[in-house]
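We call the chains A, B, C and D, going by the order they appear; numbering starts again at 1 in every chain.
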Amino acid sequence: MSVLPYAIAGWIFLAGLYGLATSRDLVHAVGCLSVAQSSTYVLLLAVGYRRGGTAPVFSDVKPGVRVVDPVVQALALTDVVVGATVTALLLALVVQTAKRHGTVDPDELFELRG
Amino acid sequence: MSRRLRLGVLAAGLLATAALLAAAFLELPAFGGARHPYGDRAVEASLARHTANTVSAVNFDQRAFDTLGEETILFSAVLGTVVLLRQTRGEHREAPEPASVPPALRRYGLAALPVTLLTGLYVIAHGQLSPGGGFQGGVVVATAFHLLYVAVDYRALERVRPVGLYEIGDAAGEAAYVLLGAGGLLAGAAYLANVLPYGTFGTLASGGTVPLLNAAVGLEVSSAVVVLLAHFLRQALEIEGGGERE
Amino acid sequence: MNVWLGAAALLLAAGLGPALWGAVRGAPGRRVVAQNFATLLLCLLFLLLAQGYGRPAYVDLALVVSVLGPAGTLVFARLLLGEEDRDPPGVRWLTPVVVTGTAATVLPLCVVTGPGRATVKLLVIGVLLLAGGVVTTRAVRRG
Amino acid sequence: MDDVLVTASLLFVAAAATAAVFNRDPARQAVVLSLLGLGLAVAFTVLQAPDVGLSQLGVGSALTPLMILLTVRKVRKVRRTEKGAGSGPGSGGGKRRR
């Protein structure tokens, strides 16, 4: 149990990389990149978890209870939203590639280049 | 490079990365451990400044400068998308045909829009109290408008969404964050320092500058997402013609 | 042993697990039905977790799912499903599952919470969930 | 009980991530990615990070699928126009659902 969450984060990262490298469609590749990205959130939150702790939000519990680490949560939460806009930027690049070259298959794009 | 050779290189790379990750994970503190020095100090600092949601306190007070960086990434990503997806020479716009939607779906869309909007605003407004904040609520607010596209019709969405206004909103959110930071300098403290009175713990006005920065982020994120989706929708539904090829 | 967390674990294993299985294979219609099941069960799961951890603040997650979940399913119904996906298998189970699931989760939670603002919030979530379930079933059925 | 929930939700996330990678058709992958988003939201909540869970729900449930499906539609439209470009000026129109 003590390394399982880290191992799962590593697995998600490697699975995303594998998909990215073997992808035959740039839209699929962007999806795989977002999978790899989600592994970082899992890793951050796993590092910040404290057994028996609760969320560090004191609206409905008294200050002083055992809480988990808020710093890693702050890092992950902004990145989830910012990551989505970066995904949008990549998808816009894919649209532009399709318009320019008429294909979104990386292998065909490679051949076009010569 | 042949396909088989490429797969071989990939497999070697993945295995090496897996080995490095495994070595690193075995050295990390065990999952669920009790020692979190940064977390404990962040909680203390947040409570000292009367902010109930310590995650918001970290984002908008203790690490507010870092959030400025994140916001700037968001702003530039949106700017890049808008530039990439603009209408080019050789393309023309065609009004899409109206969609036929069953009346029950249309009624749901019109009723759910204000509820979703309100939920989003609630999530933004309670950022310093309960789970939520500008980043999360902004996305909910932006999604609310697009219920009009998925449940009613694209033209209904276009009527309630003047894109120019949201582009201004995006810039205004970013500017408000930067200017609020400068407020710290005017008060004689550091940039983005929390200089306002901290208020009563557990009320909407607590946390000093946290709710203000939170609102600025909410404005920026919701406008940014609306602008992004507007350009994707325009490309997918309206713009025809292949554009110029090399 | 916490009954609510036990129920949440059961819902995760026996509800979301099969939904994932349905969403990763087969025709688009079947996948969207599975996705819709997943969002509806997720909302109930968050309600159970909020009660199990004793944190009413977590109910906000269920509230957000109850409005955004149907929106997500409608996105798929609009952009992914075609004429050939009319009446996908499993769609007729959606409404009965939503009605029984919502009643079986929200009503006990209301009894435990007692009258007050928290109960009103629970009931609002229940109503949103029912309305969303019925409407998304219609939309998916049309293909 | 906490450990059971953490393990179950993380295994769900790992399964969804693997499935998302092996679904090669981007439109169908979008459905799996949306389930991955929901699973991540559960995992974040049982790791006691409801703030991150909310963030993930907002992004994963409707926004990302909408962007991916719109991109897929645009790419297909461009390809259709290119293929029909030789056959005459009437190409690229046709009846389409929105």
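Criterion: a contact is a pair of C-beta atoms (placed from the backbone, for glycine too) under 8 Å apart; a residue touches a chain by one contact, two chains touch by 3 or more.
On a predicted model such as this, the values are computed, not experimentally measured, just so you know.
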item	value
Pair sharing more residue contacts (C-beta pairs) when A-C is set against A-D	A-D
Distance between chain centroids, defined by C-alpha means - subunit B, subunit C (Å)	25
Chain centre separation (subunit A, subunit D; CA means) in Å	13
Geometric centre distance via CA averages, subunit D-subunit B, whole Å	18
Subunit B residues counted as touching two or more neighbouring chains	53, 55, 99, 123, 126, 130-133, 135-136, 139-140, 143, 146, 150, 225, 228, 232, 235, 242
Sequence positions of subunit C contacting 2 or more other chains	53, 55, 57-58, 60-61, 64, 68, 71, 75, 78
Numbers and ranges of subunit A residues touching at least 2 other chains	1, 4-5, 18, 46, 48-49, 51, 54-55, 57, 59-60, 67-68, 73-74, 77, 80-81, 84, 88, 91, 95, 99, 102
Pairwise touch network: line, ring, star, complete, or other	complete
Complex contact set, residues of subunit A against subunit B	1-7, 10, 13-14, 17-18, 21-22, 46-51, 55-60, 63, 67-74, 77-82, 84-86, 88-89, 91-93, 95-96, 99-102
Subunit A-facing residues of subunit D, complex	2-3, 6-7, 10-11, 13-14, 17-18, 20-22, 24-26, 29-30, 33, 36, 40, 43-44, 47-52, 55-56, 58-59, 63-64, 67-68, 71-72, 74-75, 78-79, 82
Footprint of subunit D on subunit A - complex, ascending	1, 4-5, 8, 11-12, 15-16, 18-19, 23-25, 27-28, 30-32, 34-35, 38-39, 41-42, 45-46, 48-49, 51-55, 57, 67-68, 73-74, 76-77, 80-81, 83-84, 87-88, 91, 94-95, 98-99, 102-104
Subunit B residues within the subunit C interface of the complex	99, 102, 104-105, 108-109, 111-112, 115-116, 119, 123, 126, 130-132, 136, 140, 143-144, 146-147, 149-151
Subunit C residues within the subunit D interface of the complex	1-2, 5-6, 8-9, 12-13, 16-17, 19-20, 23-24, 28, 31-32, 34-35, 38-39, 42, 45-46, 49, 53, 55, 57-58, 60-61, 64-65, 68-69, 71-72, 75-76, 78-80, 82
